[in-house]
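Lettered A, B, C, D and E in written order, each chain numbered from 1.
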Amino acid sequence: MEKEGRVRIPSGCAVAGIVNLQGEVFGAGDIIQSIACMHDRSNGLGGGFAGYGIYPELKDYYALHLFYQSPLAREQTEAFINQVFTVKDCGPIPIKKNPRITDVPGIWRYFALPDPARLEECSDTEEEYVMKCVMQINRNIPGAFVASGGKNMGAFKAVGYPEDVADFYRLEDYRGYLWMAHGRFPTNTPGWWGGAHPFTLLDWAVVHNGEISSYGANRRYLEMHGYHCGLQTDTEAITYLFDLLIRKHRLPVRVALGILAAPFWDEIEQMEESAKRTWKAIRAVYGSALLNGPFSIIIGSSHGMIAMNDRIKLRPLVAAEEGDYVYVASEESAIRAICPNPERVWAPRGGEPVFGLLKNKEVSIADSPVVARAV
Amino acid sequence: MRRRVVWKEEACIGCRLCEVYCVTAHSRYPGDVLKAFKRDPDRPVPRVVLEEKGPVSFALSCRQCEEPECVKSCLTGALGVDPARGVVVVDEQHCIGCWTCIVACPWGAIRPSRGEQPVAIKCDLCLGRLGIPACVGNCPNEALQLQECGKEG
Amino acid sequence: MRVEVKLDAKGKGYRQLNSEVRQALEAGATQILLDGVNGHYYLGAGLRGNQRLVVNGTPGNDTACYLDGPEMVIYGNAQDGLGNTMNNGRVIVHGGAGDVLGYGMRGGELFIRDSIGYRGGIHMKEFKEKCPVIVIGKSAGSFLGEYMAGGRIVLLGLDSPEGQIIGRHCGSGMHGGCMYIRDTVDRDLLSPDIMNVPLSKSDEAFIRMCVSRYGEYFGLAVEQLPAGSFLKLVPRGNRPYARLYAGV
Amino acid sequence: MQYVIIGNSAAGIGAVEGIRRVDRANPIILVADEPYPTYSRPLISYYLEGRIEETGMGYRPPGFYTENGVTTRLETKVERIDTELGQVVLDTGELLPYDRLLLAAGSRPVVPPIKGIDTEGVYFFNRFDDVRALRSQVRHGCRAAVVGAGLTGLKAAEALAHLGLRVTVADISPFVLSTILDATGAEIVRGHLEESGVHFLLGTPAVGVTGIPAAVAGMKDEWKNLKEKYRKVLVRENRVDSLVFTDGFAVPVDVVILATGVRPNLEIVEGSGIAVNQGILVDERLQTNIPGIYAAGDISEGWDLVTRERRVIATLPNAYKQGEVAGINMAGGNAEYPGGMQMNSVNFFGLSIATAGLSNVDDPALEVVTRVDSAHRVYRRMTLRDGRLVGFICIGDVGRAGILTALIRNGVPVGGWEERLLEGDFGIIDLPVEVRRNWQLA
Amino acid sequence: MAISMRTAPYRVHRDPDRCIQCQVCVRQCANGVHRWDDEEAEVVSEDRECVNCHRCVVYCPTGALTISRSPLDYAANANWRKPDIDQIYLQSETGGTLLTGMGNNRPYPVYWDHLLLNASQVTNPSIDPLREPVELKTLLGRKPDSLELKKGTLAEPVPPQLELEVPVMFSAMSFGSISLNAQKALARAAIDLGIYWNCGEGGLHPEMDPYTGRVIVQVASGRFGVNMDYLNAGAAIEIKIGQGAKPGIGGHLPGEKVGPEVSVTRMIPVGSDAISPAPHHDIYSIEDLRQLIYSLKEATEYRKPVGVKIAAVHNVAAIASGSVRAGADYLAIDGFRGGTGAAPLRIRDNVGIPIELALAAVDSRLRAEGIRNQVSLVVAGSIRNSADVVKAIALGADAVYIGTAALISLGCHMCQKCYRGKCNWGIATTDAYLSKRLNPEIGARRAANLIQAWKHEIKEMLGGMGINAIESLRGNRLALRGVNLTSRELDILQVKAAGE
């Protein structure tokens, strides 16, 4: 049985996300209850969470979550980390034994900053530097995998049902302002922990439901831009696409979203002239980044949360607002399980993003002029 | 034992092979379709009538009625029941071609023969031959069967 | 004789809940009150008879699938797949419904107070006296009535501030049945497979009947109900793809 | 138990076969005034024509009586029937006791009101003896007159014409076959017969037959002289010479055939207490008012299921079936006569004619549909009452007409598709499915 | 109208010395090839419409007819072959999507023909099936990983199973794609044989009521005829996701085939198109499949197996694994040579993968995941004879579905014109006049004969291997050796080369 990364494994899923727009932290109980409500959407072969704002004391350090399949892998990885980073703190991530979570790898975390001298040597930005280091681990050290590596955030994932995964990672001990969760229904076993969602890169965490029919085209496009799609999952590709479009190409988030779920040509035809020209160009240049096929995704970052599904809405997505909270999930019941009577509940249309951006940070992620788009 | 050819309407496909083989069986070359049609100058008419209307068809021949109207109506006594074989027979020597039997037969299963002095002809279950009637034996879809029926049949 | 049974769904899986519903019906219940429903799939699946199920909460996907007779009243929003392949009976939703509402529905009625998601009423069929009806209070997502082969969809378009009450590709591949849609829509949203035809007297009577029943079910006064004009959308033919192929 | 059957024709034979279906043992005595074993009366025209010989006349094969345990008393007349004592008094003075008696003595020709019918050369056309005599008298070139354009008359005319005689058919009616055909049908048949060489004098009653040398009042001298001249050629004396009509017109003839219908031989029941009307009255089991005594065939008045009345139906199929029913009942079986109807099939010079039931009746209560193709001498006429077929005429194409007969007999509603009945290829498949399925059970 | 550049593909030859002008051919050809010419007073034939179905040839009482391929060809060209050119003419004349019937007829490799079976010699005895038992009984359905016994009896019942006397079933063919008589023939044969027939996605005609005991009912995207009566009637329910002949493409029964009878079964008005698009619009992801599987189980109270039929495509193994995990009790996998009533030619000829490789991949994958026991595998897609059946089982199948072979047993002559609805053999038609041509009694006898014959052959092959119960062959790839295969292909098949 080839593990994920050697082979592409399609999967279906349940997704959920909660964000407090004021950046106030709250416990993981709600997200656990929400994803557990959609138990039947996953098959016990992958569950995971991402939390933002969970490491307030070390919020300026990159929090590297690592899986080790062997002591040797850890030995090699730590040698590498010590080489390229200055480690502030490290240790095993606390876990609680759960009979339904098996084949547990070594799970460690490191709070670190790039080694100043090495960062100085290269021309990369700090983020680029971290990203390259992470990719080097994933690519070059057998049996080691970086589950997440952003600041003040972390991904907690495993092979199992999400509620078991939460229990295993003692998630009830954490508090964050943004939580997202995933229950996976992959078409394989025994499953590989790295293949579980969320998939992360730097600050990004992505959970995803659906199968991208355009994966092969997206992947070759990303590889051309230096990304290594080591997991061969749709989620990984989506994460890299975000990184490429927003972080590297500095495109406004709405445009990036409009690339992934592009407007139809007949919609573009109906736009006013300058928008028409712009979107025609966008589709021409970024055609390889179009995500074709059914998907609903939740993208987390320190700026907040964005959720969206494909342009003809082949996957479900429900959103709700209550006070400072924004909720998204595959099923309405997953929201009502934790927020019985939200002020507003709606099903976004195909390609129509749901924004749950932190009020104080909104400008920074969407600071370019937003190009209008008919949705 | 009364015997007769029965049809299954749902299986009759209207191919008229029953007619072809009926003609052959009653021709000078009972075993050879080709010769019957190419060589027999007095090729007989078929004794089976293919009824067809839209998709429905069936090959009708003498029902060998328990109370045969044709026999009872026959002016000359040429029609009779052959009790040994359970079949209504025509004595063609005796028939004068008055067609009273035709007017009496509720099935329209009797028809005139060809020729100068036509006589009534009808299904004789191929009595001259061994085995089953030619139409039954050659029905490609088993729509025709030889039925042996009791009094009620 | 009316026999009412109350069931609390809290903490129960759908399989257990559905089994309890069936047991109650077999024991002679004529009305079942289901409290605490949240995300339970398949409520009412394949039930036959003339009983009544009252659901409080958010029933899960494929609620009322294969339903064949009973009436279900839902106080809350329905999720995806409500009335999937439904055969007979009635579902009244005091709220909205998700995607693929009434998929392949062949009989019975769905009354949705609010809006529905994508692909409502697709593959609906009618045959002889069986003619399914979907009445939607507010708006519907794209692909409404896609591949529709029969039945009736009535879209009332009540208080929809954003203007459009339907999404794109309305009636795509439709080849039977009829949609009555409140006349506020952009014609570009309609599939080229369908056309607007004048309402007949019986159409008007049918719409009036649906509107008044909608009002009755959801407790709306007559003046709150739409009196405006409706489009009658029917397929251009019952053979949308007749000329698509060339046999080799 | 002894059965006595008076009559040796279809009804009598039917009775023998009916009895033997039930009772194979008890003796049957069959009395008939003709000397021949049972023969088929309709064959006499074929005999005359020479198409068949005497040996081919049998209505049943030669061994019939023996096989069926029948003792025949041929050439024996019945004087009377003594119902008190249960015996038949024969002309020989013999007394024939019976337990069950069937009266099937048939009919005899109506004698038309024509003078001089005892002249030599005047014949009836009913019995074998009639044609035996006739056959010896006719030869090619002779002239024949047939009085009566009914079935018998025309069959006689056809036979004579085939023999090479010049034939004239006379009838008081302006149409041939007036009892079964309507005007359209009759004209087609007349045209066909005329084309085949038969001459017609219709609508004028024949009033007399004259023999040589009788003169006819009002005849012109030249004609008289001509007659005299002929007389020298024709050496035979007291032979028929001409047939005279009301208007004084006369046709010269060598033979005259009288064919103006038949009537039941009711003499045998005179004084017996057996109830009669036009024929002997019978119930549905064909028993007369005297228990043990039955009647069948031309002598009886049976139920006509088309006209819905009791009447004499003088056709052979009817006679046979009545005889058979009577026979079954005589032997202790239980059969009912469902009723008969007028039903005829005949052909003249290759033109087939079939009729049944109310074939030619015009009545506002009846609906009639027709289709005619005079050029091809094809004609169909269907008569309906209350949406059911009650009679038909088929000329030219009679194939499968039996289905029509059965429609009448079974009272099948044909309303709505009656036009289809006019098609020459009308068949079982044209029947509505339910009817067709029941047909299967028939 | 402009002239068509297409020419008659076949030639009809009538031997005037043998033709007796009986016109049986005229009546048998629904394509109007033969007709009576009044002027000539003889039967004449026109080649153009001939599809080479042999109906007239078989029915001619004097053997006066033969048909041959037209000798007319274009200039020799190894690249632009005759069909390539003809198809361009056709599309330039009509603008239509090319439509065809039956399975892929292109010369792709047939792996069955590269696999050979083993036989016992000396070291273990072969078994003579004429005198000793050889068991073919097969149970299809989900099996638990292990059994729990309480006091020697089952603690929990085993999930519902289909019981087959021979590991062969008649694959899904709807009334509409085939005639009701064809369905009846197969249904009767299935009952006689103790196997199952599949009514396809067209619903169940009331006349099929007597045969529901052994029917697998299909639920496809159009949901035609699906109601509780239908679901309850089935011995099992099969969700049709895909079909080997046209993976990714839906079914489309044209309105002209929707006559009164089809209308009853599909529960749609006469004359309207019956469209089953490729996707179920309530299944866009694997968890949606699970949702449908369980909705069917819930509606039928978990009393019958629910299977999933998929086409063999590139990632068939992953799809199979997912479907098992989604609750499928059996999986039917249809290879790219599978038949169909109508499929776009390009799809039929170019999409999907061979069933042999798909089966090998799926069985291996499910075993690697440890879930092979949870599901039964039924494979389809041009199983032509009993040896194919045996090889399929050795590769890992529990049973096979046959469609084309079954239709050939009923008289199909593989003219590949099923989509026209004018099948002269009364099989792929709903025309009442043509349907009668298949007498279900004869058909049932022929189909049953075929399977009986295969049954005996399978026993002989098993016996030869010294195996007397079919389960000992299942997945027993040691019983196979490959010839003329690349090592990559052998790897995928997990079969050794002959001689190894």
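To be clear about the criterion, a residue touches a chain if its C-beta (ideal position, glycine included) is under 8 Å from a C-beta of that chain, and two chains touch if they have at least 3 such contacts.
A quick note: this is a predicted structure, and the numbers were derived from the prediction, not measured.
Asker: Can you give the shortest number of steps from chain B to chain C, where adjacent chains in the path must touch?
Answerer: Shortest path length, in steps: 2.
Asker: With chain E excluded from consideration and all other chains held fixed, what connected components does the contact network retain?
Answerer: A, C | B, D
Asker: Could you find the chain whose CA centre sits the greatest distance from that of chain B?
Answerer: Taking each chain's C-alpha mean as its centre, the farthest from chain B is A.
Asker: Looking only at C-beta pairs in contact, point me to the busier pair out of B-D and B-E.
Answerer: Output for the comparison: B-D.
Asker: What chain is most central when centres are computed from CA atoms?
Answerer: Chain E is the most central one.
Asker: Measuring between Cα centroids, which chain is at the maximum distance from chain C?
Answerer: Chain centre farthest from chain C's centre: D.
Asker: In angstrom, rounded to a whole number, how far apart do the mean CA points of chain A and chain E lie?
Answerer: 44
Asker: Where the centres are mean C-alpha positions, what is the separation of chain C from chain D, in Å?
Answerer: Spacing between the chain centres: roughly 79 Å.
Asker: What's the distance between the Cα centroids of chain A and chain C, rounded to whole Å?
Answerer: 36
Asker: Which positions in chain A are in touch with at least two other chains?
Answerer: 40
Asker: Considering chain C alone, which of its residues make contact with at least two other chains?
Answerer: Residues 14, 41, 61, 80 of chain C touch two or more partner chains.
Asker: Sort out which chains touch which and give me every pair.
Answerer: A-C, A-E, B-D, B-E, C-E
Asker: Could you please specify the touching residues of chain E with respect to chain A in the complex?
Answerer: Result: residues 284-288, 290-291, 294, 315, 318-322, 325-326, 365, 368-371 of chain E touch chain A.
Asker: Once bound in the complex, which stretches of chain C touch chain E?
Answerer: Interface residues on chain C, with respect to chain E: 14-15, 18, 22, 41-42, 45-46, 48, 61-62, 65-66, 68, 80-81, 84-85, 87, 100, 103-104, 106, 119, 122-123, 125-127, 130, 146-147, 149-150, 173, 175-176, 238-248.
Asker: Of all residues in chain C, which touch chain A in the complex?
Answerer: 14, 38-39, 41, 57-58, 60-61, 77, 79-80, 96, 98-99, 117-118, 141-143, 167, 188
Asker: Under the definition above, what is the set of chain A residues touching chain C in their complex?
Answerer: Per the touch definition, chain A meets chain C at residues 37-38, 40, 270, 312-313, 316, 318, 331-334, 336-337, 345, 347, 349-350.
Asker: Spell out the part of chain B that touches chain D in their complex, as residue ranges.
Answerer: Touching chain D: residues 49, 51-53, 56-58, 60, 69-70, 72-73, 75-77, 93-94, 96-108, 110-112, 117 of chain B.
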